[in-house]
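The next block holds one structure in the form of structure tokens; read it before the comments.
For clarity, chains are labelled A, B, C, D, E and F in written order, and residue numbers in each chain start from 1.
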Amino acid sequence: MESLASLVSSFVAQLQSATLAFLLGGFLLAATGSKLAIPDAVYRFIIFMLLMSVGLDAGIEVREADFDQLALPALLAALIGCVIVLIGSVTLGRLPKVRREDALATSGLFGAVSASTLAAAMVALDERAIPFEAWAPALYPFMDIPALILAIVLATLHKRKSTGEQGGKVGVGAIIADSLRGSALSALLLGLAIGFLIQPQDLYEGFYDLLFRGFLSILMLVLGMEAYSRLAELRSVAQWFAAYAVISPILHGLIGFAAGYLAHILVGFSPGGVVLLAVIAASNSDISGPPTLRAGIPGANPSAFIGSSTSLGTPIAIAVCIPLFIALAEIVFVL
Amino acid sequence: MAFAATTVTIIAERFLQDGILKLLEEAGTSGYTLTEGSGKGRHLTRTHERPSLVRDFDIVRIEFIMLDGEKARAIAQRITSEYFAEHSGIVSITPTEVLRPERF
Amino acid sequence: MAFAATTVTIIAERFLQDGILKLLEEAGTSGYTLTEGSGKGRHLTRTHERPSLVRDFDIVRIEFIMLDGEKARAIAQRITSEYFAEHSGIVSITPTEVLRPERF
Amino acid sequence: MESLASLVSSFVAQLQSATLAFLLGGFLLAATGSKLAIPDAVYRFIIFMLLMSVGLDAGIEVREADFDQLALPALLAALIGCVIVLIGSVTLGRLPKVRREDALATSGLFGAVSASTLAAAMVALDERAIPFEAWAPALYPFMDIPALILAIVLATLHKRKSTGEQGGKVGVGAIIADSLRGSALSALLLGLAIGFLIQPQDLYEGFYDLLFRGFLSILMLVLGMEAYSRLAELRSVAQWFAAYAVISPILHGLIGFAAGYLAHILVGFSPGGVVLLAVIAASNSDISGPPTLRAGIPGANPSAFIGSSTSLGTPIAIAVCIPLFIALAEIVFVL
Amino acid sequence: MAFAATTVTIIAERFLQDGILKLLEEAGTSGYTLTEGSGKGRHLTRTHERPSLVRDFDIVRIEFIMLDGEKARAIAQRITSEYFAEHSGIVSITPTEVLRPERF
Amino acid sequence: MESLASLVSSFVAQLQSATLAFLLGGFLLAATGSKLAIPDAVYRFIIFMLLMSVGLDAGIEVREADFDQLALPALLAALIGCVIVLIGSVTLGRLPKVRREDALATSGLFGAVSASTLAAAMVALDERAIPFEAWAPALYPFMDIPALILAIVLATLHKRKSTGEQGGKVGVGAIIADSLRGSALSALLLGLAIGFLIQPQDLYEGFYDLLFRGFLSILMLVLGMEAYSRLAELRSVAQWFAAYAVISPILHGLIGFAAGYLAHILVGFSPGGVVLLAVIAASNSDISGPPTLRAGIPGANPSAFIGSSTSLGTPIAIAVCIPLFIALAEIVFVL
């Protein structure tokens, strides 16, 4: 009872953050028809800056990491990515008026990971002074890629079955390559490599880290605006997608939290790391996932998977899941 | 002196761009011109005014001019069947004239 | 097989864009494509090279393709009278051909 | 006599500022045909950053504000906006070869407010260490919107009279909404709200304020370039517009200064606030005003109102009025 | 009512833009519209996706509409000989229709 | 023997720099088909920021400069620019399958100067704490412009000879104006002027200098990507261009170093200045030179001169010549 009260109070306290204010602000601006727009070039540059920053930081600090600890969370991340797709396939995919391709593409997107949500979670942890393993953000691709692969493979098999078409292997290698080549993962991996090899501490602190929070606030504005303007897409598809987009981030986050807790017990994964794993699970891919899925599952209606992720999934992941899992961690780990 | 030619205009999402351009080069066009834009069709609305989270779904408008109208139509047909059976996009064909035929 | 169709190209300032696109949707076009640009007419010179303090006066080039030429002309006429009696902008109509008529 | 000398010396001293150097530099670059151009996306991002910064600052500090003091300056600002339009209507509007619509659109623009000029004035006050009320920049919309409304209403009535057309009310609500939705005011208001509600001091200081002066210097470069390149428009219209653009900012500024002085006596409005009110009055809208006026007064020739404001009004407001009214304040308030 | 007119489309590298636009104005066109793009011809590939170190080699697509088809052709011919003998670029001519002939 | 060893060890030590890591990273990203792209608007803004920063710094500090020292290095820079073009003309220009216009355009480009390489060299000197004259970066135009002029004049004379065409003077004034109007030189000169006249120390340190290294890292990424993607152009022309692009930067740099050494002995030019002169000589123009050459030598094939400079010349200048000449200076001047 008491812990529920403290969960609620920590959750509520966190709602007063600049991150959420900008997210909500963007939503309201778009809803009131404001002409304010962050230029596309700036948005893309911000994504680069945030991911490069996350990568550099992880790369710089990973030298001191204990690699035994890394294996289990990475494996768990991959498992979670697959489980999310399977859950989506047997829940969303079985609902009336929901086409199988659309369900698979949507759950692929929700299994994959959002760089923006990850960045927001890192700032939120910093603000609550909850430490996490420097390499934890590098769990991102371990969940992202398996989820996308599984969704595309299942959709292809389904299509073959229904059209009676024969076919060879699905190009798993191509999907992996496509994911790694996406602009967000490329920046993250490049940052990791440079951070690890060159250790550019000054450059990181004096530029990338310096601008991190400011750029994140602007990114939130963009996500809020985009959430509003994609609501129209969402309205054009079955309401089940909206329901899925609201419920599943929380559910996926809980799965992630549980898995992280396991890793905490087995290999001492930090509480902050557990939160990040939960948030990664709760998030859905907003940059690289959609085109990969569109190319891989051409039959899927983008209004369904983009509408549900951009207009509901991402706001829920940021505004509900981040404070929720931080609050949960504070109770579970008595922080 | 102006010579009869054919302009083919292809409107597609950006993630098809590389494939289409490669097809054009292999098919023997002498060049192409590409502009970026936005649009609306049966599916998504794409807009250039706000950031597009998913740049790959933006619209590209590719046009090529060819002297040989039959060949141009054949390429248009090929792009349509290879790409636009499954994906978003349209192709249109317009008669035009060019000034230096040796360039095309 | 190519089918006769009509392309209507509307060049207007950006602050008219929303109204024109709404009109197009209501009038029953199957889609439209928009590119941004600059230009010069009787009034302002608009340029994309330097920042435009007033973005709303930039040029947008909207084109839509329709199978039914008469209807396309009627829409072109309507846009002209609703917008271009008072505001800057031009409309042109070009015959074209499209490959998959069911899309338009 | 002595005070005139000190006015001149303070004025001249202020001309040696980076703000003016960049403004002039931009003008010279454009005049010499330089290919240097600040990308449009960067320009729009800078406007966002500056207005968000001004808004955040005002919002953060307004909590401690004494709201009694706010009412009078806000009222005065609205009055000044209307008076400027009326003056323009009976002076510029009566001159030969000047069409009434063009005169009203131009004076509407000069009654409205420039965010860039406001930002430049804030930096200039900072440099001279003259304090002002944190909420003073929020006077902006109080002058901006009434001026635009009045100009459009007068132009509509004029048109109805001359065409004998009947008509209902002019859509004042639509004009207000259109103004508030403009990108500059949206950013200012969003910043105000977030600053007030969340008090994101660190984010403000570590990002928005950090980059303020630098971005302002670049904005000045853009304004200088744009001033030169709009001279061609100005040359295409009657010379009265040029005369109006040179004289009226100073005149409007003096009206603003007098009104501010009144507020100083009555409610203790600070000297810095008086300068800001004067500069707001002297400035003319460069971002949101023009499209609002173009839509509201479609008969007006944009070469007239954009030419006169961008190529002369803005440079005069920044290069002459800001140092002038600061110098005046230093004498009047013995700073 | 629609009136026959001629659209001339000029595709050139940006560093020729100023000269071409000046020629158009002197030649008496009533306006022009410009969009930016990329492309491939005999020489360089120009792309808009990555930064172009050399912005001056980007592609601009300039189009103007004229009622007087002969005059439009003459201008097209003049641009071709003044610019495209030495430099990259192409010109095409398309018949079109416009709605308000007094504007052109 | 010992000095060779220390040359090698200093060279190798410098390879571990963030500048090179980003350059190489960009190359690898492009080679692996990554979709990461720095928006064009950001790239152009970065160029502006870097050149404005270099200009401001030089302008601020040049007040204390001893102008006697400036004349000789400037004269030498101009000479080097011309010598590079002449060398290219008699080596590259005489090779089989190499057209004279292409050789002249290419050596004009290699005689001219790259702002990006210059900025990278300044950071490298800073990192090794090797001081240089504040005005040294201002040597840039003294080498850049003569090289472009000479290349265009020689190409025009060649064309006249081969076509038997008569002709008046070549428009040297137009070439100079065109160079000075280029976006990089414009920003540098504007910065110089503002720095000199206004001395905006705070603005420089708090904004332009603050962001310098960060933006440089991103610029390197862009240059690396561009290098890869221009390899295709290079492959379409005679292999001699590739050979020239690899060898000549080192050769030109040695000429620059020797000239700088002369200035060191005669007028006390600093070791850091000698390195900068060598790097300026080694670099090739990547922004303003190509269009000037294209307009001036229309017969030249851009694939030849852009391919060789962008895909090989620039990476060699940055990755080989900067560390090489710093190492050389450390030995020669016993730093």
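Keep in mind that, in the parts below, a residue touches a chain if its C-beta (ideal position, glycine included) is under 8 Å from a C-beta of that chain, and two chains touch if they have at least 3 such contacts.
All values derive from a computational prediction rather than experimental measurement.
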Going by the stated contact rule, which chains contact chain C and chain E alike?
B
Please report the smallest number of touch steps linking chain B to chain D.
2
Determine the shortest chain-contact distance, in steps, between chain B and chain C.
1
State the chain with the largest centre-to-centre distance from chain F, centres being mean CA positions.
C
In terms of CA centroid distance, which chain is the most far removed from chain E?
A
Mean-CA-position distance for chain E and chain B (Å):
19
Roughly how many whole angstrom separate the Cα centroids of chain A and chain E?
46
The distance between the C-alpha centres of chain E and chain F, rounded to whole Å, is 35
Mark out which residues of chain A touch at least two other chains, giving numbers and ranges.
37-42, 44, 210-211
Per-residue overlap in chain B, given as positions that touch at least 2 other chains:
35-36, 48, 94
One finds touching chains in the pairs A-B, A-D, A-F, B-C, B-E, C-D, C-E, D-F, E-F
Using the touch definition from the top, list the residues of chain B that touch chain C in their complex.
11, 35-42, 48, 59, 61, 73, 76-77, 80, 84, 90-94
For the complex, give me every residue of chain D touching chain F.
16-18, 21-22, 25, 29, 32-42, 210-211, 213-215, 217-218
In the complex formed with chain A, which residues of chain D make contact?
39-42, 44-45, 48, 177, 180-183, 186-187, 190, 193-194, 197-198, 200, 202-203, 206-208, 210-211, 288
Which of the residues in chain E end up touching chain C in this complex?
2, 5, 7, 21, 25, 30-36, 65, 94-100, 103-104
Interface residues, chain F side, partner chain E - complex
37-40, 42-44, 222-223, 225-226, 229, 232-233, 286-287, 290-291, 294-295, 298-299, 301-303, 306, 310
